[in-house]
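Same chain, two partners: chain A is paired with chain B first, then with chain C.
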Partner chain A sequence: MNKISNSKSFLLRHETKTLIGPAIVYLGLFSVFPLLYSLGISFFEFDRVAGKWNFLGLGNYKEILSDKTFWSAIVVTAVMVGVALIVEVVAGVSLAIFFGQKLKGSKFVRAILITPMILNPVVVGLMWRALLNPQWGLFNWFIGLIGIDNPPIWLADPKWTLWTLIFVDIWQWTPFIFVVVFARYQALPTDVFESARVDGASPLKIIRYITLPLVSSAVVFAAIFRGIDSFRTFDLVYGLTFGGPGRSTTTLSFYSFENGFVYYRYGFSSALSYIMVIMATIGFTVLLKWIPVRRTH
Partner chain B sequence: MPILTRIFKRSISYLTLIIIALVGIFPIAYLFLLSTKRRIDIGDVPPSLKIEWAVVVENYKEVLFDRSYISSTVNTLTITSVVVIISLIIGTPAAYALSRLKIKGSERISSTILSLRFMPPVAVAIPILLSMRFLHVANNRIGLIIPYVAFSLPLVIWILIGFFDEIPTEIDEAAEIDGASKWRTLMQVLIPLVRPGIVVAGIFAAIFIWNEFLVGMYVIDSESLKTVPIADAGLISAQRPIDWNVAATVGVVTLIPLLIGSMAIQKHIVQGITAGAVK
Partner chain C sequence: MKDQVGANATDSGVNRRDFLKVGATAAAVAGASSVGMAESASAASYNPKKFAGTTVKILLVDGERDQEGIKDKISEIQKTHGIKVEVTALALGAQLEKIQSVLHAPTSEYDIIDNLGFTVSGVVGGGLFTKLNDYIANKELTASNYNYPADFPAGQLDYTSRYDVANNKFGGKDVYLIPGMHSGSVIMFYRKDLLAAAGIPVPKNWDDYIDAARKLNSGKISGTTMIAANDVSLILVDWYARFASMGGKLMSGTPGAKNYKPNLTGATAVRAVQHMIDCAEVSPKGVGSFGFTESVDAFSRGDVALMLCWSTIAGSAFNPATSKVASKIGAVQIPGDANTSGRPIRGGWGLGIPKNLPQKRKDAAWMVMQYITSASFDKYQMDNYQTDPNRRGTYADAALNKKYPYLKVAGQAMENAKMLDVALIPECFELVGEAAREFNLAIVGSQTAKQACANAQASWEKILKRAGHLA
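What follows is the complex of A and B.
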């Protein structure tokens, strides 16, 4: 009896390994290893002419700390993530409550709303560069209709470019917050709202004292999730502004890309991106606390 | 009077709904419209809504054939199918094990896998290029497939864990009582049940590939090997001036497969987007 159960548990252990082993080995080789490799590279400098790697120790990191563009990229990234996130959360939650009315046709509009976030970011950039074109873009024509003449040159005036980038990010990603919060909102038991209504609570009070507290954990989760993603955004910057004009929209991610891909400064680029890895890991650790417990049954 | 207020409130609500729909769809529709224009007509404000089919044919012919988007699209579809199939073959058993089996540290393994989804891609682009060079597959489809599977796996596993979790455990317990092994339970009992999840995970992996160009630009040099997003990044980036009608057409050609894919999974998109982490 004992023998049988022993051999059985051995088999089970073996099965587990064959089920999950390939994924772990693959991710170890092609996901975790590159991350460690990148840490290694960050201590070197790539001499493109000689094709050699020179050891610098902490040299790249020291250079980064005294690099003006790095600090401006920190500010640009922080403003972008912060402002976009606040607007996306407010707008996304409002949308979720609005769609809670279940108007006719709202299902169809929801399907439209979901579209922006799956679109190719270079094409999203192109789309908005067309809309915001100073000569013929339809956006300026439209705001001209409601009385705003002489609008700024959205994508060329360094005073405005970061705000334009944030605006497009909001257009593309508010739906994400909406989708997550709305899913939670729909899963709430309806009797709570019913009884509040019967007790004569006003719609605003219901939102303030019942809806918002009940969806708050979904809101926090969606916000952290989006925050980390927005922090590592590179592609929209590439598609919309290419980091410019000047350094006005150079985010950390873009700065790292530029050093690696354009200037072949592999070590410097890796050191920059490693600072991002550490920040993203901190963000993820916070996120982990907010992931809803999976197995409910 | 109350009836009037109600009608008024309703109209405001519907007006808001229409505005929301327009804000969402307008930029995309504008891109479609620009792709039907002659180069000299781009400057018309507002653009005319009349569509000349001869111009449409000309624009799309230029993009699909002269700029070889047909072959880029075929190339992307090939790479996408290979990546999706490999990711599902590796990812499905792993998701099953993480959802069902009592593995030591299973929570930790799951969260480590999810954490990889949040790593900044710039951090791995250079090591991936160097590794692919080392394996002699840089500037080669295999050199794209290998990292793309690595990028897709965390997403696929997390989406599928969510779907496995929804199947009552009684079902596999019944199979086990009948003496089926874990592998057999997975293959014969559970996979048919999580099929919608497999479709969703596959489409999200595909959407990722149709949007990825950072690692792609590092790994691929030859025009003929570029996927659609990598070709886009070279052709219509903020850096490079291009005729707007052609650029818009490139945009439309890029978006159409994505739009079709998203329509196919409308129902499950929430689960996919949050990588199965929200229920």
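What follows is the complex of A and C.
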């Protein structure tokens, strides 16, 4: 009896540690340790023949900053994140508002609409690779039906490949923005909209002055999630273009993967990943400061 | 006999008659000792059950049907050797990554690992595999009819078998790998019906090749196809076949002397790229995005007249179930040039036993490795899964040649094949990847052949300097 009360009082005395302990252990093992380990190896290069690590100091970072492929990958990543994110947010929010009208059959269409999101990006890449095949791809056949007889070679022409990649990314991830914003939209109180209608507000004014401000927190949340995801796009590039032609679709993540897992330049790849982490942290902190989010209760 | 063939294969190639003679002899040696290794071996002190009760784990690459034959034979190995075999096959990238971690672990998870030829300098050169000479010489552990090295193409032995670790060079006397699960080189596939209808002979040099491709190119049929995507196979299959056959020498100097310099701006390198650019004009639309699969599919659909490809695809190209033109195609050696014969790249794999294993596991691994690289298994795997064999006896086997008419062509290509020069440094893939990127841009029209070669040269020099192979 005494023992039980003693252990109870021990748990009560150490309640905080007991509750957050597992989380700290988990974070330490799976986040902090890998981060510190990869930071460490970013100052080394691995000699595969000798099987040992050679200390380079800031050598990998210096090489990255003077590497033209790194700068071209920054441009590719920035264009990809910028264009894809803007289109996905606009299209996702528009779809959320459209489907919020509770039209007949909308449940069925909504279910179809979110299908791309549940596919693995590598599979999406390979699937679109087949769809865009210049010989027998369904995509060219389809646009042939609407009068475009001599379409570009989507995956072999450097002028088009990045736009093709962005298009596929938009196709896959617009549903994500839609789902998040739609969920928020459905949860909004209906009396606000009814009052606006009674006061004679037009549908466009309701969207502009009521709907959008009320769903803005969900839009920002979804956009930041998608922005981070898009910033580290690798799998779609891997399946669709493998970074080419040339370096026209080599994103920072793909470049990091290529160096780490194709060329076994683990140190260089880690340094590149750290630069990405720094860029992402700065970028999204600034973004969060700039974007006004209206709190709704 | 082996040395004579080796000299021929390395210096001037082997003609068809020589190849068949050598192959027939090897086949006779292998055949005389019968298909079942254990039967003839029982006369010696070979004891296949010496390590009964153990488990041997094998790591292979997926997607090349290498594991199929082994899976079929697992119960037989259990019966004849008393050893349980487990096979893991991973996609190429994942397999290469796994090999790195397994070989550097305190104890290897796998007992037998299959290594791509282009990675041999990195893994075997790093001293990470067990030397096999003692096993091969040990009559108790090696069947008398194993027939190593006589039954293997000499060039292949110097690529995926023997390695001089002290001097970090291919070849030498020390055996670290046994060629397998499959070997392979590049041959030329052509449509017999189209060439005959147009009265065009099978191209024997590169000028004939592009002429034939242009003549055969029509609305429905493309003259040729290539692996022209941003893919290492652009270099390994299509560019190197042209470059080496035109008499090109890829590198000068040696890595050890720190004067290892590429010759990518030379006339031959530029000519080989230009030939690919010319071929792209008479290839299927979008050939610049064609990898291995797209190229082979286009040929098998009947859309293309000429194609260079790994000989290992011949099985599917000649199979009516997977090719619409199976009965209309032929396979020959790749074209040469005025003074040179076709010199395709040497491909293939080598099986080895990691050094970081306890002795007993190494011994058991050798017993299984011997089985899956035996003459009888090589024939079984070829006949059932049409992967390129490793042994001369299989290439020259009369019954198999009757069934698979391309086999002797593939065998001759194996004897003539040339190892990619840069395979002797661990940065091989990085170099090939950079060149593929530049040449791909030339093929899709973003730069000229000369610019592509100059850019590739600059990239290669940068990588070689960084790696310490060029001062």
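Note that in this section the second predicted complex is superposed on the first by the 257 of 297 C-alpha atoms of A that agree within 3 Å, B and C clash if a C-alpha of one lies under 4 Å from a C-alpha of the other, contacts with A are read in each partner's own complex, and residues count from 1 in each chain.
Note that contacts are C-beta pairs under 8 Å (C-beta built on N, C-alpha and C of every residue); 3 or more make two chains touch, one makes a residue touch a chain.
The structure displayed is predicted, hence computed values, not measured ones.
**Q** Would you check which partner chain A:Trp71 touches, where first means chain B only, second means chain C only, and both and neither mean what they say?
**A** Touch status of A:Trp71: no partner.
**Q** Which partner does A:Leu113 reach: the first (chain B), the second (chain C), both, or neither?
**A** The answer is first: A:Leu113 touches chain B but not chain C.
**Q** Between chain B and chain C, whom does A:Ala156 touch in the aligned arrangement: first, second, both, or neither?
**A** Only chain C; A:Ala156 stays clear of chain B.
**Q** In the overlaid three-chain picture, which partner chain does A:Val49 touch, first (chain B) or second (chain C), both, or neither?
**A** A:Val49: touches chain C, not chain B.
**Q** Is A:Phe261 in contact with chain B, with chain C, with both, or with neither (first, second, both, neither)?
**A** Once the two structures are laid over each other on A, A:Phe261 reaches both partners.
**Q** Pick one for A:Pro121: touches chain B only (first), chain C only (second), both, or neither.
**A** first
**Q** Is A:Phe242 in contact with chain B, with chain C, with both, or with neither (first, second, both, neither)?
**A** Once the two structures are laid over each other on A, A:Phe242 reaches both partners.
**Q** According to the contact criterion defined above, which of chain B and chain C contacts more residues of chain A?
**A** After superposing on chain A, more of chain A is contacted by B.
**Q** Could you look at A:Tyr209 and tell me whether it touches chain B, chain C, both or neither (first, second, both, neither)?
**A** Neither partner.
**Q** Using the superposition on chain A as set up above, list the residues of chain A that contact both chain B and chain C.
**A** 135, 241-242, 261
**Q** Of all residues in chain C, which touch chain A in the complex?
**A** 93, 97, 100, 103-104, 121-122, 125-126, 128, 168, 229-231, 284-289, 294, 298, 303, 426-427, 429-430, 433, 437-438, 440-441, 444, 446, 466
**Q** Which of the residues in chain A end up touching chain C in this complex?
**A** Touch list, chain A to chain C: 48-51, 63, 133-135, 153, 155-158, 241-247, 258, 261-265.
**Q** How about chain B: which of its residues touch chain A in the complex?
**A** Checking each residue of chain B against chain A gives 13-14, 16-17, 20-21, 23-25, 27-28, 30-31, 34, 42-47, 90-91, 93-94, 96-98, 101, 103, 109, 111, 113-116, 118-128, 130-131, 146-147, 149-151, 153-154, 157, 161-162, 165, 168-169, 181-183, 186, 207, 210-211, 213-214, 217-218, 229, 232-233, 236-239, 244, 247-248, 250-251, 254-255, 258-259, 261-263, 266, 269-270, 273-274, 277-279.
**Q** Quick one: in the complex, what on chain A touches chain B?
**A** Residue list for chain A touching chain B: 11-12, 15-16, 18-20, 22-24, 26-27, 30-35, 37-38, 41, 95, 98, 101, 103, 105-106, 108-109, 111-131, 135-136, 138, 141, 171, 175-176, 179-180, 182-184, 218, 221-222, 225, 228-229, 231-232, 234-235, 238-242, 253, 256-257, 260-261, 266, 269-270, 272-274, 276-277, 280-281, 283-284, 287-288, 291-292, 294-297.
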